[in-house]
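Next, two complexes with chain A in common: one pairs it with chain B, the other with chain C.
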Partner chain A sequence: MKSVLHRGPLAKLGDLSETRYWVYLLLFPSLILLLLVVAYPTLYGFVISVREMRLTRPGLNGWVGTKHYVAMLSDRVFWISLKNTAIWVTAAIALEVAMGFVAAVALNRNVPGTKLFGVLILLPYFLPNVVAGHMWALLLDPRLGVINDILVKVRILSSYKAWFADPATAMAATIVVEAWHGFPFFALLFLAGLKGIPEDLYKAAAVDGAGPIRQFRLITVPMLRTVITAAVILRVISLVNSPDLLLVLTGGGPGNATQVLSLYAFQTAYREFNFGYAGALAVVMFVILMVFATLYIRLTRVSKD
Partner chain B sequence: MQVTKREFLVATAALALASGMRSAQAATAINYWHHFASQSEMAGLMKIIELFGKSHPGIGVTQESIPNSEYMAKVSSAVVAGGRPDTGMVVAERFADLTAMGALVDISERVKGWKGKANFPENRWTGMSQDGAIYAVPAYAFVDWMYYRKDYFEEAGLAGPPKTFDEFLIACRKLTNPAKGRYAFGMRGGAGAFKYVIDVMEAFGSPIVKDGQAAIDKAAAVEAITFYSNLFVKEKVVPPSAPNDSYRQIMEGFRTGQTAMVWHHTGSLIEISAALKAGEQFSTAPMPAGPKAHIARVAYAGNGIMKDDHVDAAWDWISFWGEKDAAIALLEATGYFPASTAALDDERIKSNPIYQAASQTLDFGRLPNRFVGAAGWSESVVNPSFQSVLTGQLTPEQAVDRMIEGLEAALR
Partner chain C sequence: MANLSIKDIQKSYGALKVLHGIDVELEDGGFLVLLGPSGCGKSTLLNIIAGLDEPSTGEISIADRSVTALPPKDRNIAMVFQSYALYPTMTVERNIGFGLEMRGVPEQQRKAEVRKAAEMLQIDHLLQRLPANLSGGQRQRVAMGRAIVRNPDLFLFDEPLSNLDAKLRVEMRTEIKRLHERLGTTIVYVTHDQIEAMTLATKVAVMKGGYVQQLADPRTIYERPANMFVAGFIGSPAMNFIRGKLVVEAGRSRFESEGVRVPVPVSGAAPGTRNCVLGVRPEEMKVTTADNAPIKGVIDVVEPTGPDTMVTVRVGDHSVVARAEPRFQGRRGDPVAFDVDPLSINLFDAETEERIVMGSVHQDA
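And now, the complex of A and B:
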């Protein structure tokens, strides 16, 4: 009896581990960590968006409610950025998915040299955005760019083209660069998905008379649906939030022709030191992404799988 | 070799003691944020650190290079979140924003008692002062001037560099030959374009800010933007890539012979001299004068103290930059013009004809516009508005309207 009354803390912990509360105790450190590194900054971002926070005018700082959101409605650059964000993300994702799919199918054939090509295809993704941006700025340079040189030599162009200086081509040029940089992400995930599709399904379909197109439509796409959905959501989030490639290639110009929301928020915060308005822009991006992800998951019905 | 447990403990304790002593010595270690990035700039900085180390053996300086475009982002983040450096580089264009956000420590009292102060005339301190308080010690100056291809000018039968905007336009027409891939002027229309847009506006008689209020004279500004943008839109004397050309592109254009003239400052002399022969292929001249004013900027840059943890060591470091040896070391490595009159009297400057244009500019050059929000307005409003004129999306009138509207918002 005495030994039971004077049991040590370790023994008590042992007893606790036998109860259903043990699992909450194990989750507690992770929960604290998540609150600190995810919930707090997110909430702080919301708080900043309803405050005036201009580093260079500290006297104005304070609670302003929805002022920034109201100002956004009449902000010409905001609407241009919103439109450009939609174009930039949609076009880049479409290209990346298409290129990634082709690359994944090619790599899935297990022909000699596949491993080497696999590494080569992944190379663009290994490059940091800033490095990729500077590299492409040189490749497309209107004076020294090798791409201009090739296009002139094969007579597609009559003279070197300043791709990033013309509003008609600047956005398209940046989308091509982004697609080149981002397609390995899809290739990698699609390849993993393709490897998981049992070969028997294709054999059975072939016996039933299905050609390659029907096999692709009725087996490959449905089997990859979860992977496609997850990859597209992750990539959309990444593209909407990453201004670095555009910052290097065009800085949002010429004349806001390639201005996107993330770049606008970045420039508002770090050029104008207006963290309140930049915070409101970030909240709008957050809401857009949440709505997009929810709708996209519902439309693809992937959660039912 | 076998080590006993006792020996191991003694050795560990000795190491811990030694590291503690090193930490104690490192109390005079200071860090320094700057935006020097090129090989020549880094060579100059390393030479200054070496000279400082010899004259101040008790102070260690750890330098951190931050890309120029990210410098203010990093400093403002440090101000908000903590983690300021002991000292940092301060350029005139950013001074107002840096003091407004409280990033700099008032050093007025130290400057008053500094023997080197006599080498810095009052205009050097103007760009580093706010409401009578001094926040940085000037170190070097960026003096605006024009680089021109002497050989192209001779080939075109031009007697010399243009002295006025009218002469500039005539020279532009004569020097341009698209068939040869040659354009007269390397216009900066991308990042940093605002600098010359504002200069041309002032040269046509439009002020920017007066007594803290927006003071753009619309008629003069429209005339200025029309003249400047027409070099691209109508005259076609600048490369077609101008709307996206920033520093790298205009320098490449000049170095590779695509352009015959380029506006920049003394800071790019070393880079251009490495590609072209000074005095034969290229030379320098003061900026051409506009119809109403002769504008060229003389932007003093210096160093300030950003936190007062090691304020004595920090002061020794930033004031060392103002001494002649440090200024000459930087000049030799980078071509950056000294702010100190003692260094300006050096024979290497006085006897070099290429520097004459900079010396002349010092007589009439103006400090850059200084007002809180200047950097944000310049980059976020002036740049895209001017680019839009170049690309035909806006008329000069519309662009000036946007600049006025943006300036008023920035000053609010």
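And now, the complex of A and C:
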């Protein structure tokens, strides 16, 4: 009995660590953090999507039910944004995958100097979107852009072109900028994937008589399939979500030529201060992205088996 | 089927020389084992034979045809890898038939030959599976199937059994030997396992540091190792080494060390003394009660293994192991004496560690 009386708080904690409540106690701090920064804002977003919340007309604030969602159906800009999002994301990722693949295959050769190139090739990815955006805005500037200058000098263009101001070229120009910015992400993941392919497979294929093209098609591509799929899904999620590059380059214009969902929601909230409608747009994006998130989780589970 | 000729193969990676002039001849239907510790150059040599790596100098001929400049696919070889290197996205059937597919063999014929090979290896029920759904032993069989279906001039095995558990390894070893006897194809086999070398080879090349230390049949390698490295690498427990002196006087010679006095059949040696090392295999040490026994010591450890009992004995400064009969009685601290057949021992030069050739008695290879 005496020993029990002398037990301090640490000993009590020790006792607690033997019980099944211990695990919850350890999870508690990070759980609180997640609730605060993830769960609460998400739920709040859902809540304001069924409410009116205009900073410019506070008198209207209150419950409106599905009003915003109904309005969305007949909102021309919403449908353009949806279409543009699909085009922008698909085209940018297609380019990024292609460029990333080429870069990864090139870097995977054991040629001296590839380590340096490996770092150099990552530089675009290190740049914040906003910085990259401003840099490209300058490069493509209609009055003093270097690229215009070069294109005119090699006589591809007869005069300087305002790439981002022309509805015919704005989308393509932003896609190229995004591809430049995002391809190192794929290069990095593909390179890791390539390094994970056992050398013996290529040796076996060489002995079996498969040339480089067949080796690529029958070994490299299938072995990278999981990595490619996972990287594409992750990139879809991040591209659908980030309006910053377009915000800097075009602001969604000219007209709505480069308007995408994330940028539309952003502008609705912070330019028109119509948080209710912006919330509804965000919920739609949430649903779309949930599809990709589910795919990703499925995929990672499958590849674990 | 074909012979293999390796002539003065050298290989350097930059300043690092990994093969120093390898010469090996292997007869048609022979089974050459390249044996050595990791980093000895055996896998590099195999890759050079396969054409997966280029030699710096030297020449490889298969079936009396120089293949040094040919890519792997034109050498008519088949290779089994340590990792099996099965194509993960292809079924067993396509894996085995892939080499035939690449050579444009029509599907009908391909299927028939794949089935034949699969039946020989008892994996015909697995043909539609993917490699991921096979056990280690089954993968190993598929890898072998992929090799034999091609009916090549030469099989190359790169440590094919080292990823298997002990029991399966013994089974597959027997299987490979059976396969070799059945097909009669020339084989080059890389391993660091001396048991595999002893059981499978018709010829063993023991390698170390990019040199072939000894090239001979397994029996010779075991009984007459060319130097102390080969002697110590082959055999388990390893050959006992006892440092001492070779004394030659009046036409008779003997090896002497503390607790050891073994007559040595040296003929025609000049009288005198020289430092050397006695090599004696554990199973050649026979427990005896004779007073004039050549080796005397004190028991240190007794380890019954079932078929034998291993007895570690202190002889002078040396610790030696004897393979005694299973019911050997003796305890730590007991004195013990051993008889050895003078013809079974080997002497090595204390400086060069090369075996000292002991005259006509030894029928040296």
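Just a few scattered comments:
One rule holds in what follows: the second predicted complex is superposed on the first by the 258 of 305 C-alpha atoms of A that agree within 3 Å, B and C clash if a C-alpha of one lies under 4 Å from a C-alpha of the other, contacts with A are read in each partner's own complex, and residues count from 1 in each chain.
Basically, a residue touches a chain if its C-beta (ideal position, glycine included) is under 8 Å from a C-beta of that chain, and two chains touch if they have at least 3 such contacts.
Since the structure is predicted, the reported quantities are computational estimates derived from the model, not experimental observations.
Within the superposed three-chain model, A:P222 lies in touch with chain C and out of touch with chain B [touch as defined at top]. Once the two complexes are overlaid on the shared chain, A:M290 sits clear of chain B and of chain C alike. When the two structures are aligned on the shared chain, A:D166 is found in touch with chain B, with no touch to chain C. Of the two partner chains, neither chain B nor chain C is touched by A:V146. Looking at the superposed arrangement, the partner reaching more residues of chain A, out of chain B and chain C, is B. By the document's definition of touching, neither partner reaches A:L31: not chain B, not chain C. When the two structures are aligned on the shared chain, A:G209 is found in touch with chain C, with no touch to chain B. Counting contacts by the rule stated earlier, no residue of chain A appears in both its interface with chain B and its interface with chain C.
Of all residues in chain A, those touching chain B in their complex are 55-58, 141-144, 162, 164-167, 170, 250-257, 259, 267-275.
For chain C in complex with chain A, the touching residues are 47, 50-52, 71-73, 77-79, 81-85, 87-90, 98-99, 102-103, 146.
Residues 198, 200-201, 203-210, 214, 218-219, 222-223 of chain A are the ones touching chain C in the complex.
The part of chain B that touches chain A in the complex is made up of residues 70, 72-73, 76, 79-80, 96-97, 100-102, 189-191, 239-246, 249, 252-253, 256, 258, 372-373, 375-377, 379-380, 383-385, 387-388, 390-391, 393-394, 410.
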